[in-house]
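One chain, chain A, appears in both complexes that follow, with chain B as partner in the first and chain C in the second.
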Partner chain A sequence: MKAGRLTALVGIVTLVFLVMPILIVVGMSFSSASSLQFPPPGLSLRWYRSFFGDPRWVEALVTSTMLAFASSIVALVLGSAAAYGIVRGRFPGRGFIDANFMAPLIVPTIVVAVAMYLALAKVGLLGTWVGLVASHVVLSVPFVVLVVGVAIRSFDERIEQVAFTLGASRLQTVTRVLLPNLVPSLASAWILALIASFDEVIVTLFVAGVYQTVPKRMFNELVLEVNPTITAIATILIAVSVLAMAAIGLITARRGGLLKTMIGR
Partner chain B sequence: MGAIEFDGVAKRYGPVHAVRDLSVQVAEGEFLTILGPSGSGKTTILSLVAGLTAPSAGRILIAGRDVTHLEPQQRRIGLVFQSYALFPHLDVFDNVAFPLVVRGRPKVEIAAKVAAALARVRLDGLARRRPQQLSGGQQQRVALARAFVFEPDILLLDEPLGALDRKLREEVQVELKALQRDLGITTLLVTHDQEEALSLSDRIIVLDHGAMQQVGTPDEVYRRPANRFVAGFLGLANLLEGRVEAGRGLRLGSGELVACATGTRPEGSAAAAIVRPERVRLLPESAGEGIAARVRQDVYLGHLRRWHLDADAGQELVAAATDGDQSAAIGDRVRVSWSPADVWLLPEAGAAA
Partner chain C sequence: MRIGRNAGSYVVPLLVLMVVAFDVPILLMLAQSVLSPHPTVAHWAEFTESPIYFRVLGNTFQIAVITSAVCGLIGYPLAYWMRGLGGRAQLAVVTLVLLPFWISILVRTYAWIVVLGNNGFVNRSLIGLGITDRPISFLYNQLGVTIGTTNVLLPFLVLPLFAAMLKIDERLLQAAATLGAPRRAIFWRVFFPLSLPAFAAGLVLVFILTLGFYVTPAILGGGRVPMISNMLDVLINQMPRWELAAAISTLLLAATLALYGVYRTIAARSAS
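Our next item is the complex of A and B:
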């Protein structure tokens, strides 16, 4: 009983500790004060106006969005193909290749950033759009390989084997049998890759050159001065992440629901 | 439609011999079952024929065509897995249409062929259902229709009845046999269920540790098994061991003589014979013939009653009869007898004495 209460207390304190800063930032973003103050003396949307009224911020938002879409789509295509090869392939060294795709998730980001910086400089892509997209692909591809890999692994291989015997080529089997059954996982993987790119700052600082993404701009602004506009941007980023996670939750819940009805019958 | 020929087919996984030197011919239109316990290599044989696994040695011919190195797509085989492996995102019609669609057949032809196949398996009204909305028996029929709709040379069935409950299984057995006969399609079935094998097959291959133990009609493998493994795998058998007395029978270790045909076995050679339980008669203790025994257990099976007996000489025996035909209670002393024609001397070499 006592241990249970202690666990609950620790849990609540931890939760408050984690959520409080976010709530404070969200609260301050709606503040009418011209400096960072909490609690806010009054409510206003002035910092959101300041964000959307500043062409440099809008440009950063456009860059971030385009970068997130471009890199997540490339990551989805390449990562799914890699996951298929890793799960269904029968060649040696699959474990090594799998680990290699996962590395950016485990290796400290600063190490990845330095490595990308040197590699892109070597091939002359440092500071270019292509180089920036490529580095974001490297960072978001682990999410795709992970999520799609699990989905392929849990899809009965005999269904694909039957498709072969029925005359379907490997390509037909992938497009007509495997992919239609992976749609929920592909959607989840894509959203995760999108967020991974949209939030990224460290690697971007190293390789983006003149390109300004929202997180990069926030970082640079904070170095110069603490402007409450930051809190409005942070709130927008938090909202995007929350909405994306909610979308993934909905997709997987629907799939769970479907599974339930299947078993129920 | 066509025959299948295995010519010295073997499959090794590292040091493990999954299939050893299999050579057998399956006639056109024949229903052949590969029967064996799990791990005997029967599923490996199925994937070798389907082209999902490549053999380590030997050739496989289907309808006279060497398919050993062909992809599954080029083999013209209809495959049904125990799990059915239906496409979960497609309805019944599209599942059955799949092999025709990937072959790029015209829509009109697909509609006609799918309708005919669905009618053949009595699923006419269910074309727009999803697999998840069907019963196990219906799913199995969809898988079957999908496997024969494109007129393959042969049909491969992997324990197709394994996932059905007992009552349904008996129905489907009858249906499956009728369908196979109608289509006249060479069929290879893989199972560990001896009843399924006996009731469906024209011939049975009994497999153990990757090696073919016997091939023959259901009647042959049941009544005249090649060795102890086959005798034991296809139902219960009373195993009698002793030495041959040429022209008279088998002298058991306990001294009793079991009369049977001894063929060309040399006098005094060690041999083993079997008698199936349903061939064993129980006689009253006062009868002048048979082996004296005591009833240890009396098992009621509905259509049958089975008795486990301890012979006075120590041997364990089993007798079975249609319920009501014979009776004996636990502890009863009886005499056990059979006709010499029902004793089968195992042809296996080097039977232990």
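Our next item is the complex of A and C:
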């Protein structure tokens, strides 16, 4: 059954509502005006120069990148191992533990932020690198467990059993039989965790102390004033996200897996 | 089976991290609202006695209801339209709906300052068309917060709803048509009831996510539209009243988990 004209119109307008702001920000970042005028009176790269010429922004970019790499690698290693344990293990409480790993996606981030702030303050780790990385791992690891879990579930368990029968140890089976087959999913999971950490703002605002990440600086500037430099940063963040999405699209294109995972079936 | 015997040990490293860095902090927070500095209900009493907290709760609740309703009103037609599209066009539209998921909430919220500001796209168009001679203030009020929140949360309703609509058997609609039902009746008496569980689940999901929303109200509300999360920020970072913040977080957590239970129940019905 095809949608009627009115439905199609509402659908298109809603789609424009969804996407338009992103397009406008990208357009504004190349504006030559010193205020947020639309349409821009002329084109220039002044806001990109202003971003890369400001050592505080560059420092924030370096911190964000290091934090994203550190936490996503930890999340990938721990999350993949955990996904294997949950899918292949046979022990009581598996469902409960799985729910525990997914919980950071459901519990409001502000509640996680408050809880972590109070706990880190208690043990004196508030504003430390260790506390910051740990909090980012907790928030990004559900994506890894989810994506890698789906991939392991669809990998035929009998192939692992054959490797066992032929005398491979569990570690050998995992590293030499299972992992090579999971590379596309592991790459997707890693990129998801990387983006989740790179864009994280709420928990970082609470627990980062003197560390400045790009989203944290951006948030603090936005609450105070509207500076067009932000359009350049926003465009860079959009470009990073679109590239990541395209990379995952390419990696999973042959399998058609991730899109299905993301729309929930 | 040999495979399963000690594969379970692979969950241990992550489990340790989650217990230390997530579970224990949450439990400590629950404890802090009743045990600090000694067992007491004073923090909860303070919360229930002062009208300001109730005003913020009411405000949050109101924005959550409006946001869910608007998401439903515009999200359902979008998902329905997407269902009827052909292969290529459908893939393109799904990608566009998926795109905002990947882009930082901060960026998407900021975009609305550019679009709705006094000198922004919408106001300049309205003035240019002679509809108004002074800029309309969309920002730093409830309207701005609702627009931003709706924009950010809409994909959470549309994508699962679209997936559920795709699974509705076209033959059921054909059967209704063969039996002489007019288009309107086919939609309201066959299609809509079949899509209802997924639709309801999506509305509950948007409601839950709005309750705990922080970034968008803080930026588009400009401090004038306090929601629960922004109140928590003030109680932790400015007052500081940690015990009270712990009590309010506990309440928010309980409300979220209860609603999530409702969501799971409805979503399970839609899957069956």
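The working rule: the second predicted complex is superposed on the first by the 247 of 265 C-alpha atoms of A that agree within 3 Å, B and C clash if a C-alpha of one lies under 4 Å from a C-alpha of the other, contacts with A are read in each partner's own complex, and residues count from 1 in each chain.
In this section, a residue touches a chain if its C-beta (ideal position, glycine included) is under 8 Å from a C-beta of that chain, and two chains touch if they have at least 3 such contacts.
Because the structure is a prediction, the values reported are computed rather than measured.
J.: Kindly classify A:67 by the partners it touches after superposition: chain B alone (first), chain C alone (second), both, or neither?
T.: neither
J.: Should A:218 be classified as contacting the first partner (chain B), the second (chain C), both, or neither?
T.: In the superposition, A:218 touches chain C alone.
J.: Just checking: does A:14 make contact with chain B only, chain C only, both, or neither of them? Give me first, second, both or neither.
T.: second
J.: Does chain C touch more residues of chain A than chain B does, or is it the other way round?
T.: The partner that reaches more residues of chain A in the superposed model: C.
J.: Which partner does A:180 reach: the first (chain B), the second (chain C), both, or neither?
T.: A:180 contacts chain B only, not chain C.
J.: Quick check for you: in the superposed arrangement, does A:172 touch first (chain B), second (chain C), both or neither?
T.: first
J.: Once the shared chain is lined up, is A:109 touching chain B (first), chain C (second), both, or neither of them?
T.: Only chain C is touched by A:109; chain B is not.
J.: Touching A:242, do we find chain B (first), chain C (second), both, or neither?
T.: The answer is second: A:242 touches chain C but not chain B.
J.: A:161 in the overlay: touching chain B, chain C, both, or neither? Say first, second, both or neither.
T.: A:161 sits against chain B and chain C alike.
J.: Counting contacts the way the document defines them, which residues of chain A are shared by the two interfaces, the one with chain B and the one with chain C?
T.: Of chain A, residues 161, 164, 262, 265 contact chain B in one complex and chain C in the other.
J.: Quick one: in the complex, what on chain A touches chain C?
T.: 1-4, 7-8, 10-15, 17-22, 24-25, 28, 35-38, 78-79, 81-82, 84-86, 88-91, 94, 97, 100-101, 103-104, 106-120, 122, 134-135, 137-138, 141, 145, 157, 160-161, 164, 170, 195, 199, 201-202, 205-206, 215, 218-219, 222-223, 226, 230-231, 234, 237-238, 241-242, 244-245, 259, 262-265
J.: So in the complex, the part of chain A that touches chain B is made up of which residues?
T.: 156, 158-159, 161-169, 172, 176-177, 180-181, 261-262, 265
J.: Contact residues on chain C for chain A in the complex?
T.: Residues of chain C touching chain A: 1-15, 17-18, 21-26, 28-29, 32, 74-75, 77-78, 80-84, 93-94, 96-115, 117, 119-121, 124, 151, 154-155, 159-160, 162-163, 167, 170, 173, 183, 186-187, 191, 211-212, 214-215, 218-219, 223, 228-229, 232-233, 236-237, 242, 245-246, 249, 252-253, 256-257, 260.
J.: In their complex, what parts of chain B are in touch with chain A?
T.: Interface residues on the chain B side: 50-52, 71-73, 75, 77-79, 81, 83, 85-89, 98-99, 102-103, 132-133, 146-147, 150, 156.
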